[in-house]
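Heads up, the next two complexes both have subunit A, just with different partners, subunit B and then subunit C.
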Partner chain A sequence: MHSDRASLGLKIAAITGLLFLHLPILLIFLYAFTTEEKSYQFPPPGLTLKWFGVAWGRDDIWPPLILSLEVAAIATVVAIILGTLVSAAMSRTKFFGREQISLLILLPIALPGVITGMALRSAFSVMDIPYSVWTIILGHATFCIVIVYNNAVARFRRISGGILEASSDLGANGFQTFRHVLLPNLGSALLAGGMLAFALSFDEVIVTTFTAGQQSTLPIWMLQELVRPRQRPVTNVVAIVVFMVTFLPILCAYYLTRDGDQTAGGGK
Partner chain B sequence: MTAAVEFQNVTRHFGNVRAVDGVNLAIAEGEFFAMLGPSGSGKTTCLRLISGFEQPSGGAISIFGQDVSNVPPNKRNVNTVFQDYALFPHMTVRDNVAYGLMVKGIGKAERLAKAEEMLGLVKLPGYGDRKPGQLSGGQRQRVALARALVNEPRVLLLDEPLGALDLKLREAMQDELKALQKRLGITFVFVTHDQHEALSMADRLAVFSDGKIAQIGTPEDVYARPQSRFVADFVGSSNVLPPGLTRALGGPAKWASLRPEAVRLSAEGQGRGRVTAIRYLGAGSRVVLDIGGTEVAALVPAGQPLPGEGAEAAIAFDPTALHVMEA
Partner chain C sequence: MRDAPAILPDRGLADRISAALWRHPKAFLGLLLALPLLWLGVVYLGSLAALLLQSFYSIDEFSGVVKEEFTLKTYAELFRAQNLDIIVRTLLMSALVTLACAVIAFPIAYFAARYAKGRWKALFYLGVMLPLWSSYLVKVYAWKLILAKEGIVTWAAEGAGMGFFLDAVLALPGVGGNSLSTSPMGTFIVFVYIWLPYMILPMQASLERVPGSMLEAAADLGASGGQTFRTVILPLALPGVIAGSIFTFSLTLGDYIIPQIIGTSARFIGLAVYQLQGTAGNIPLAAAFAVVPIIIMLIYLTIAKRMGAFDAL
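Showing the complex of A and B:
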């Protein structure tokens, strides 16, 4: 028998799976409000808002937070510029080995972070580059480019080449075509790619541990904090911040690229 | 007089493919010129060579006497109506039409007024605030036309502009394009694979085959006196007769073309055959006979008696209608 409705067993399995994935996240939120500061006991003995105030007042949170924002912002800008250029090149021309190069561009996101991290670390030491904010940014840019590239390449595929030719035919130079025709049609894809890249960079741990020197970003600060017994709920407060900073851009990116029909370009 | 567009032995190769192979042509100023051919025959490449989106591999192209080999598309006084219209989807119709003026740095008030005037010219007044996505195919076509004309080009290129329209709209647009060209007096170069379109609109046409021009001339010339089997076959629905049959029908032993409308059915005639198919066309019927293994069609005007399928019939025609071809 064939039916469109899922069987009861399948429904239960799906719900169990979702709960397994999402209950721990809810618990993280819950423990940000607990009155017990030394261990995660369930149920929490009481609820309080005081950890938000404590977190605000702790001096050791602000530098990692600012560093993370700085790294994510610069890595995103680098990724948008380079990712757009490479996607333009890849979608405008056909050449020998194009597919292989496309794979190479996508590789950083498919490679395990440890590999990327080790590769970058050995490259930095071979080239005598001291670890700094910039090495972290470089590390993050490797996978942020892929995100922007994927978004931009999909959009380039939908923009009909005809509108670029039409612009040139009507007398526009290359810059005018970019400014008045290409950018307005590419813009939302770049914004979406940029936001995803920002979110990815903001909570990255593995590549960061390999490429950072003395600095720690917010996720690394959290990792170190988990082993300390004091003021545990503060870490949960920071987790909520990380959640917001990464989830909101992802949500925006989803809505920006969802109805692409309006920007499809050209056609009949 | 200098030609509006002149090709001197122009070739364009894509790898091993000779898309355009030794083309010579001169299009006069103010002429409505059609490039006709099947897909892949090189006609669109020729158009793109004029607009500058392709560079010749050999030969020279000049526009009003100026060699344009090193002139990029945005510096040529030539505009194009693209096959898929290529309207800018994020701009209003008015901004689309005014685009050519905007990139030239013409002031906003002036360019928008001019855009409105062009929209009037293509009979779309008041559509300026819409987006291309809100228009029908025919309306987009008019916007594309207005946008290409706003720069007052001396040559307008049209790449299969009517291809995406339905039959009725296409016929209306043919008349309109023709009228517009007369009124503006500029040179139109028109690419099409539709022989009726080319014959009915063009002052002169070039028939393309395999990157070469098979024949160039007025519609009457090309239709009535095709120089080759290819032209006879492609332009209209002519009978192409092999040498043996030509001789049997009273001509020399050469390939010949015979227009169906010149052929009558009668009791006595130059040839006899069996009727294999009859197709009703409205104004007449197309009767196909098998004469010595070759299919020969005759156009029988409405109201005249038709033979039955499978019946024997004879064909008669004025001997001058038999056009002998060189190739």
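Showing the complex of A and C:
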């Protein structure tokens, strides 16, 4: 039997499923206020605000935080440049090897992270490259390209070729068309792609453990705390920070690309 | 007034470059692609080549130094009982996680595709996107809190008078353990949770393409709900399910953080790679281990392609 209204069972299953996806994260917030620092006792014996102060005062958190921000920022810039270039090439023309290139862009996130990580690790070992900030960035930028590419290529498809031709007809050269016509239309998609890339890089841990050597990004710091916990609520405070730094860009990216249908020339 | 010329006089270098690129579209294309291809080609493919190269080296058992000579010895080591164990365990876990994800994802995807409208549709979309993108480690950590022996699951089970049930589940041989956070079952639950959104999205996309008229036709022809599901919805949605399974399978196959934090110390492929390259310093064997998921995924992708999964992505 088929009707236009969902059966009660389906509704309950769907909503339970969504709650299953969201409720666990709330616990991270709760445990940041607990007075119990040696175990994950539930319900918390008492609530306190002191862990935020303690986290702020801990010297071992700041360097990883700064390193993570630095890596994410540079990787994002590299990914935006490379992702935009390749999406411009892929969206306009058909050429030999196009399919292969799209596979090549996708591969770094389609294959498990441990492969990308181990591959980079092998390359560093073969070529005797010492670990540095740049080895981390190398890995991050590689899998961030596809994020920017996906956003940019979708927008390119919606921008009508007509407005670019109109711009040339009115006497603009390629650079002026790029600056005054293409970029304003592409901007929000690039911003959204960049934000997602930043979020992905900021919180990446699998590839990073292979490319960081002795350096510690914030996720690696967190991983160490998870394996050998010290002050557990402090880890929760850091987890909240990591969560917010990834959550806010994702939300922004969603709102930036949601109204994509209103791109100039898209009405045709 | 004189007629303006049809072709504007050029106003400098920028104009001349634009014109040259316009006349040579191939050169323009090459210019656009040069940097990205150089990056992906050198950094990524170069690294994969290095990985393959390392996997054909071997390690000297006495000195622990990598011998840079071609050999298949390292690959042969993969077939030792303990290493085969790791591979089988990982494959089994990936298959179970994929299956569970498909079952749990279906109602969410179906509801979002078929019944959610307007605000609800946006809510469902965000409701799946946010957990997909939000911090991986934070999500794993949340489950460590939940599954801990003194954590919320035990508290809730005891509060509901189900403590004996939890104990019975934990006493099961093979999947149980001291607490959920140190049992294979815990590992399984967390895998399912973390990769679930990757299954929902492609599934929803393919379900959205099932025409409502077909469901009506099935109902008109007297099919029951179950029959409609088996003979109409499932075959049409299958490419989406397979597309989703590529993610859940591949991601479980390579993950090494989750089994390290939640579960027994039993090793998975990812963990083996990580430990071999790190503390053990055996890069050749680590590389050979990393080749295993590549081969499995290549086989998987070939089958998926045959079944039309790529049209659903």
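Operating definition for what follows: the second predicted complex is superposed on the first by the 261 of 268 C-alpha atoms of A that agree within 3 Å, B and C clash if a C-alpha of one lies under 4 Å from a C-alpha of the other, contacts with A are read in each partner's own complex, and residues count from 1 in each chain.
We take it that a contact is a pair of C-beta atoms (placed from the backbone, for glycine too) under 8 Å apart; a residue touches a chain by one contact, two chains touch by 3 or more.
Computed from a predicted structure; not experimentally measured.
Peer 1: Report the partner of subunit A that touches more of its residues: subunit B or subunit C.
Peer 2: Result: the larger residue contact count on subunit A belongs to C.
Peer 1: Quick check on the superposed pair: does A:125 touch subunit B, subunit C, both, or neither? Answer first, second, both or neither.
Peer 2: A:125 sits against subunit C, while subunit B stays out of touch.
Peer 1: For A:180, using the defined touch cut-off, is the partner it touches subunit B, subunit C, both, or neither? Pick first, second, both or neither.
Peer 2: Only subunit B; A:180 stays clear of subunit C.
Peer 1: What is the contact status of A:166 with respect to subunit B (first) and subunit C (second): first, second, both, or neither?
Peer 2: Touch partner of A:166: subunit B, not subunit C.
Peer 1: Have a look at where A:101 lands relative to subunit B and subunit C in the superposition and call it first, second, both or neither.
Peer 2: Second partner only, subunit C.
Peer 1: One more residue to check, A:21. First (subunit B), second (subunit C), both or neither?
Peer 2: After superposing on A, A:21 lies in contact with subunit C but is clear of subunit B.
Peer 1: Is A:31 touching anything from subunit B or subunit C once the two structures are fitted on A? First, second, both or neither.
Peer 2: second
Peer 1: Would you please give the residues of subunit A that touch subunit B in one complex and also touch subunit C in the other complex?
Peer 2: 171, 173, 176.
Peer 1: Applying the document's contact rule, which stretches of subunit A touch subunit B when the two form their complex?
Peer 2: 160, 162-163, 165-173, 176, 180-181, 184-185, 262-268
Peer 1: Which stretch or stretches of subunit B touch subunit A in the complex?
Peer 2: 51, 53, 72-75, 78-80, 82-90, 99-100, 102-104, 133, 137, 147-148, 151, 164
Peer 1: For a test of understanding, state which residues of subunit A touch subunit C in their complex under the given definition.
Peer 2: Residues of subunit A touching subunit C: 1-2, 4-6, 10-11, 13-14, 17-18, 20-22, 24-25, 27-28, 31, 39-43, 78, 81-83, 85-86, 88-89, 93, 95, 101, 104-105, 107-108, 110-116, 118-123, 125-127, 138, 141-142, 145, 171, 173-176, 196, 199-200, 203-206, 209-210, 219, 222-223, 226-227, 235-236, 239, 242-243, 246-247, 250-251, 254.
Peer 1: Touching residues of subunit C toward subunit A in the complex: what are they?
Peer 2: Listed in rising order, the residues of subunit C that touch subunit A are 8, 11, 14-15, 17-19, 21-22, 25, 29, 32-33, 35-37, 39-41, 43-48, 50-51, 53-54, 104-105, 107-108, 110-112, 114-115, 124, 126-131, 133-146, 148, 150-152, 154-155, 193, 196-197, 215-216, 218-219, 224-225, 228, 246, 250-251, 253-257, 260-261, 269-270, 273-274, 277, 283, 286-287, 290, 293-294, 297.
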